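What follows is a pair of complexes built around subunit A, which joins subunit B in one and subunit C in the other.
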Partner chain A sequence: MADYILEVNDLKTRYVTRFRENVYAVDGVSFKLKEGETLGIAGESGCGKSTLAMSLMGYYFPPLHYTSGSIIIDGREITGEDPEVLRRTALGTEIAYIPQAAMNALNPTRKIIKYINDVLVAHNIRLNKKELREMAEERLRLVNLPVEVLDRYPVELSGGMKQRTVIAISSLLSPKILIADEPSSALDVSSQKLVIKMLLDLIDKGLVKSMIFITHELPLLYNVTKKIAVMYAGQFVELGPAHESVFEPLHPYAKGLMGSIIVPSEGIRDEHLVAIPGTPPNLKAPPQHCRFAARCKFRQPLCDSVVVPERFASDGRLFRCLLPEAVLRELKYEDQIKSKQEDAEVELDVNIIPFAGDNGDGDSGKESGG
Partner chain B sequence: MKGYTRYFRNRILWYLLTFVVALVLNFVLPRLMPGNPVASIAAGVTESLTDQKAAAEMLEEYTRAFGLDKSLPEQFLVFIGNLFKGDLGVSFRRYPTPVVQILKESVPWTIALQLPAILTGWMLGNLLGAIAAYRRGVFDRAIFPAFLFVGAFPSFGLAIILLFVFGIMLRVLPTSGGYGFDLIPGFNLQFIASAVRHYQLPFWSIVLNTIGGQAIGMRSMSIYELNADYVKYSRFLGIRDRRIVGYVFRNAMLPQVTGLALSLGTMVGGALVAETIFSYPGIGSTILSSIKAQDYPMISGATLFITVGVLLANLVIEILYGFIDPRIKANQQE
Partner chain C sequence: MTETDRVKVKRRELTDTFLEGKNMSKVYGMGRKANRAVDNVNFKFRRGEIVSIVGESGSGKTTLAKMILGLTSITEGQLEVHGQPRAFGTTAEKREYWKNIQAIFQDPFSTYNVFSKIDKVLLNCIELRGQKNLPYAQKVEIMTEACSFVNLRFAELTNKYPFELSGGQMQRLMIARIYILKPKLLIADEPTSMVDACSRATILDMLLKLRDEEDMTIVFITHDIGLAYYVSDTIYIMKSGQFVEQGTSDEVILNPKSDYTKRLLSDVPSIYEPWDLSSDDVEEDEFAAASGGDS
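Let's turn to the complex of A and B:
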């Protein structure tokens, strides 16, 4: 039994477009999850959340390609394994995936029970008809679906039923880690709650050991996950305990993101919702200095010229910003760093890493992109 | 299931209506052609007669025998009445052979040529389209466009090219007829071998013409399906690629079934062209010579047969479709 159920070290993956350009959608993500822990990943559209979800599967097919880094599930490093071995012994059993578009995730011309059988056969599990039906019925009951669903085609199911069917199928082989990519975004609020609860139940029942939620519904995240990561331009800019990440974010982007949503409870007061102006950088050639600098309210001259490493706050939270932790803790997104004098006083307490071409991917990206 | 039956009752009613309209047109249209077919038949008999009056009487006699002295609506009623008895009348051109007899001789040739050719072309086309979408490379860049090119030829053009290359230049295949002219149809090796050799050119001209059109539809459907969400999900569930490809092609095939129904409808035109160019016995050749001779009963009988064939083929495919694609069935039940 390893210390961590999931360990991701500096994972980098990229898309290769039709014109052979590289899009660095996941660019150096690291985190660790213990058994029973859940991680929520938030960020605006196009920041690489869904790509990260797919990249964590360790099974890459075009246009997504693996670049570097490692994924270790319960002590087993799945990166670099033979895809066929991975397919048979890891996909669905070690790590499983609930897709963003659960509505269209099922083959429309295959009955649910046959599809379930296909999944089992793919992992060399051969059951006779009776065993198969018993097993499938048990799994459907877990997600509150009537057993008749087994003999239906996906088109004959409602959206919510399809969603639950997908959850049942994804967790069929009791994967250690379940990644849910926006599992609830197509549902109404009460169904969302239900789906999330259902997923958490899977952990309680011991079918799944750990879970990763990807969503932009932050209010859902902080209620249900232990940790929250905020992703920006292919990197984590903040990673910490859920409550702190939502209510006391450190990174300026996280501050803006949390300010742009209404999180119920803890006094909504008459806070104004904020919007972060600008758009995320082009991931074909991401900036080598701070990726958020161009949109950052608190930007300092140095921000445009040094590489920002992952930094850890006194309480162990990860943040990727040059400003000192103490300054960040005090800053609110509405604040301004006012005068020039004050500006100068903000000391950037990192060892300045000169802006150099040590980010090899960025370089090659520029070459092939041009 | 109740909605499903109702759906089919509706479909069948529509097909019956179509049939009635086609029946009227099949009867009326040939008879609107200018000219008098009886005159030419009678001319053969009255040639030797010098007595003008006797010749005129003879002509009248024939006209009455063929029922052409009555008005068109009356003729139609007689035609319908006979139809119920399975009698399509007597051919003018091959008087006194009944139309049904001539159909019995020619229809097997047409079906034996067209049905396998269209099915083969359809299957090869789908296979090519699927491979072009999945394997890409040379299939997508060379073989697929080549068949598209060939398929865009007018069918008579392609038939003539094949005839010229294999029949005249290379002299490997016979150029006309359904079997050697010196043979009597029968169940013997010599006749079958000859029939098979005569079969090749008309058969392949139809197959080659069908492949491209079917492949293009299958290719784009397959590409669409390959990018569907369920493909990605199935992959992440660890399902084997081979099985996923099976899903994809099954789903991509479904619209192609409609393509098959449409092809069966073009069998008529195909029959005319291929049979005429290769002087192949069959319903196409029969229709052509009947039109030339203004053989009303024969034209009506042959077109009636084709109408029924096409309608039946379409109905069968439509019913089958409901069973092979659950989505259709779900919609029909609403």
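Let's turn to the complex of A and C:
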């Protein structure tokens, strides 16, 4: 049973607004994670990355509501459990979550060691003062944080330091899965490096079995995680190994996203970046057909009329696009700017596969090895 | 990443010095507690170039920007505009100075007046330009042009409030304001740190467009040396109030001389080389950073 440490099947969650409108922020996400694996989730603001992170905890509070699907952590299904039981037995021990500006969670009038005590008390672990201090010090040494932090107030620490302290606290009970939701986006590059180093350390030392890392910074993701999922409008549009996802993306959206990468290396100054025009669809009423169709450069007539299933490429990567794999491998995002006018569309029309539900990946055999 | 048909970025020769800082310092506090946030810096910004100031949190980047903007006083040294010391005595002089200067800040959500709609925001700019008495149709024309410059559609925006837009759109609206006002100097203080990578590309390209079309001097403040390299002609590297390295972007990035620049470069994750996480030199005085930090 416990082949996978985390198994998510067709998870759907929604927000209910004040006006009783549903916002389908996570709409059919499935993935599996083995022990020791790290998954990165990339995407624009508002694509549902953070909602997915919160949904994965299985602990829902308004306005977030659970619709359907299942989350199985190490053989234990956490969906449908009583929230109070879940909070005491799963959060922090099975799965832990670090929000974006985690450092703002610290109350400036309490010392760090009090928070550590709070976490333990909430999980029915009672220690006396001496034991608590010994335990906390040992833990901090393990994650390379100075022990003096324990007796500081949060205001005395720098932003990066606060963030690392929060990470240390949230991983205190050695959760199986750690979800880090943009843990470094409020920090400068040097503090970011320390935070990332610490997260990777946690996995190396076995304090955390597996990590889900969320960010929009693709170069960062590429360096932190082994697998990258690209999310768009509540769905995964691509999921594959980090190297392939960055250098040979399949889905048109992923291709566009990779065009916005900025790294300080020779040559990037000579060309303008490629930004995807338009805005993501409104998730109150997401389109039934391909969600990216309205912004897609390679859009075909069929894209507006059929539901796009999750398809798998010959190397096992997931993608959600109607175009055949061989065609997608050949296409470059920039190409279409030039040949948008007439001839390219005719050429592509020939390769369109008719949508037939179950045999979506039927013709991936004629791959050209692009 | 292929060199097929991406639009080539223009490069130009620059000579004309526009803004010059001479031995500028800013000291907060007095006596033993004195904190030199900006320590004796010299710089020359030329007309029509993008200058990046790169440094960590608490290095004094924002203080320098505030001094240039005139939002805080200069403790020592002086700032010269076109060779003349900046006159800042009377309100009239201040107004005159501020006519030619605009800024974009980090947080788009706190830049706008929440009570005024978007067309009001843009109409204000037209009034600031001294065209208050223009017929409304012409004003709309100007606003539409400005919005199309930043890839927004004016017709969709007229009845909205700024907070109804996304962060990236708000920053773009800010650039639309600047396009209407056409200042000579634009200070962009981390304009992209709160938007996602996709909007960031758009915003950076708009800054390049402003430079090329309006011949604007842009001071781009960031902690990400990669962004600085992409967007700027000249880079100043700042560390605890001082410039440790300066030069054209290619000089600074491709052949960094100071160790600090090399460290900043290694801190940015790249996709072409493995990221070296082993170096421990970042650990220096962490507790001290909080006191001088990002306030």
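Please note the rule applied: the second predicted complex is superposed on the first by the 324 of 370 C-alpha atoms of A that agree within 3 Å, B and C clash if a C-alpha of one lies under 4 Å from a C-alpha of the other, contacts with A are read in each partner's own complex, and residues count from 1 in each chain.
Here is the rule we use: a contact is a pair of C-beta atoms (placed from the backbone, for glycine too) under 8 Å apart; a residue touches a chain by one contact, two chains touch by 3 or more.
All figures in this text were calculated on a predicted structure; none of them were measured in a lab.
Engineer: Let's test your reading of the overlay: on subunit A, do subunit B and subunit C clash or fit side by side?
Structural biologist: On the superposed model, which is not a single observed complex, subunit B and subunit C fit side by side.
Engineer: With the two structures laid over each other on chain A, which partner does A:S45 touch: subunit B (first), subunit C (second), both, or neither?
Structural biologist: It touches subunit C, and subunit B stays clear.
Engineer: Give one of first, second, both or neither to describe whether A:K32 is in contact with subunit B, with subunit C, with both, or with none.
Structural biologist: Neither partner.
Engineer: May I ask you to decide whether A:M57 touches subunit B, subunit C, both, or neither, giving the answer as first, second, both or neither?
Structural biologist: The answer is first: A:M57 touches subunit B but not subunit C.
Engineer: Does subunit B (first) or subunit C (second) touch A:V155, or do both, or does neither?
Structural biologist: After superposition on chain A, A:V155 lies in contact with both partners, subunit B and subunit C.
Engineer: Counting residues of subunit A in contact, which comes out ahead: subunit B or subunit C?
Structural biologist: Looking at subunit A, the partner in contact with more of its residues is C.
Engineer: Would you sort A:P277 into first (subunit B), second (subunit C), both or neither based on which partner it touches?
Structural biologist: It touches subunit C, and subunit B stays clear.
Engineer: If we overlay the two complexes on their shared chain A, which of subunit B and subunit C does A:S191 touch? Say first, second, both or neither.
Structural biologist: Second partner only, subunit C.
Engineer: When the two complexes are placed on top of each other via chain A, what is the minimal CA separation of subunit B and subunit C in Å?
Structural biologist: Superposed model gives a least subunit B-subunit C C-alpha distance of 8 Å.
Engineer: Following superposition on chain A, which residues of subunit A contact subunit B and also contact subunit C?
Structural biologist: Looking at subunit A, the two contact sets intersect at 155-156.
Engineer: Could you list, by residue number, the parts of subunit A that touch subunit B in their complex?
Structural biologist: Subunit A reaches subunit B through residues 54, 57, 59, 61, 87-88, 90-93, 96-97, 99, 101, 104-110, 118-119, 122-123, 153, 155-156, 166, 169-170.
Engineer: Residues of subunit C touching subunit A in their complex?
Structural biologist: 1-9, 56-57, 151, 166-169, 195-202, 204-205, 208, 223-230, 249-250, 253-254, 263-265, 267-272, 274-275, 277, 282-283, 286-287, 289-290, 293-294
Engineer: Which stretch or stretches of subunit A touch subunit C in the complex?
Structural biologist: 44-46, 146, 148, 152, 155-161, 187-194, 196-197, 200, 216-220, 222-223, 246-247, 256-266, 268-277, 279, 332, 334-335, 337-338
Engineer: Can you list the residues on subunit B that touch subunit A in the complex?
Structural biologist: 228-230, 232-240, 243, 247, 250-251, 254, 325-327, 330
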